[in-house]
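Labels run A, B, C and D following the written order; every chain starts at residue 1.
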């Protein structure tokens, strides 16, 4: 499926930043598409992402959501960003073997953006299940003056 | 320092559950004290907890906060719980080599609890820095009838 | 426009409850449609709804959002409900002469529901402006046994 | 009781702004003390603040909380502010004849502040009851250049 918001330059920049992150490398975040205030990212679930009932740990679900929100805001702001706050509602246990987060910037301001996100649990043989939804405030960092 | 809310039986139960979690084993959560609606937990920071500026990744900060809230509610409810929703505000970058979360149940209801949490970044040589604060709604699961 | 979620019996019950509320009578909430987990409500703005720049006061915007969420959950639960928590993001000033809130239940559980809401500011001569978005946890109250 | 954060100049400015707000005049907000990032405000409850069970309407409880957060941030920023987002948890019904909100800025940044708030329901003859708690992000507006 084509993602019409895809911006290959932006995707390359987000992926390069992500590869320099110890956590994201461990987590295994993959960028499906990013650009114009929107993002779709996914992660393949491994045993160390799970909790004791076999579901994906809430910390992994919300981390993917948070990352999607920050990346979506970065594509809108075309600047460095950092999550200021986020609210996440867990709707269903994530029992599949993949997680997909779709984030969309609903307001892009000069110093902050508001982003909404949905996370889906996926299994090869079944329809994706909406397992959580959230809202984030992402702070846009002032550009650094080059030395 | 003595934690007067400590309940050793509850701590043993929480630790046993945690050790069966792939994510928590990877994350390295340690229970300092838990009981009577309160919890103090910590994690020693490793390179794979960090992002590209060297700070602890926001996903790790909020995961520790979420875990603290769920555990605090579990000690109040004396039942299995699951996070229903949480809101987290990032206040300062976590630049230290340890994170500590302190959670306190502000309302323990029959089907849900409200919990507040603070997360501190710690370094051996300096005062702890408050790096985030949050509020969570934790759902209390109905007891399962034994077979 | 037809609202296909409309449930006239449910609407009558919500309106009757609302008319017994001092605050809602003052506020002037009108039910456009309600049923099957969804709600559309509106309020005509009067001077005492505004703040000192002439915009609708944030307390009125979020009150309408909160009411829409509670009503949406009530139509899904077919029971009395009460707001447990809500998060609201203000996106644009509400400068129009009417406010419209659209709420949709995204998860209806036995003891709580998660509802999302959008609030629009409206003026006769212009397109509605999305002025805020939110997420709420609504608690479903246990049915009272009749005496 | 003395409020050591009280800043009379700031209080005068907040009260003057509030008196120009249709909503606040109707609501009846009184400033007990404000300054240095903190605020204590109260409202005497009238019938049009209540819902159909006789409790203070949630919209009034959260409006008071939101106002307290914005004012607290304004005293820290010494600038005009506007609520960007807030999360509020209702803990107990507000059955008293007064509401009191206490807000405290936990982080005051250049473009935004994070503020926590507690709301108490009060009756002459009984101890105050904590009826809600929240967290807000308050945006600090850029200063306008005088003409």
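In this text, contacts are C-beta pairs under 8 Å (C-beta built on N, C-alpha and C of every residue); 3 or more make two chains touch, one makes a residue touch a chain.
What you see is a predicted model; the values in this text were computed from it and never measured.
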item: Shortest contact path, chain A to chain D, counted in steps; value: 1
item: Chain pair with the higher count of C-beta pairs in contact (B-C, B-D); value: B-D
item: Separation of mean Cα positions, chain D and chain C [Å, integer]; value: 22
item: Where chain B and chain D are represented by their mean Cα positions, the distance between them in whole Å; value: 29
item: Rounded Å distance, chain B centre to chain C centre (Cα mean); value: 34
item: Multi-partner residues of chain C (at least 2 other chains); value: 84-85, 87, 89, 114, 135, 137
item: Complex contacts: residues of chain D adjacent to chain B; value: 87, 89, 91-92, 106-107, 114, 116, 130, 133-135, 137
item: Chain A contact footprint on chain D (complex, rising order); value: 84-85, 87, 111-112, 114, 135, 137, 139
item: Residue ranges of chain C touching chain D (in the complex, touch as defined); value: 17-18, 20-27, 46-52, 57-60, 62-64, 66-67, 70, 82-90
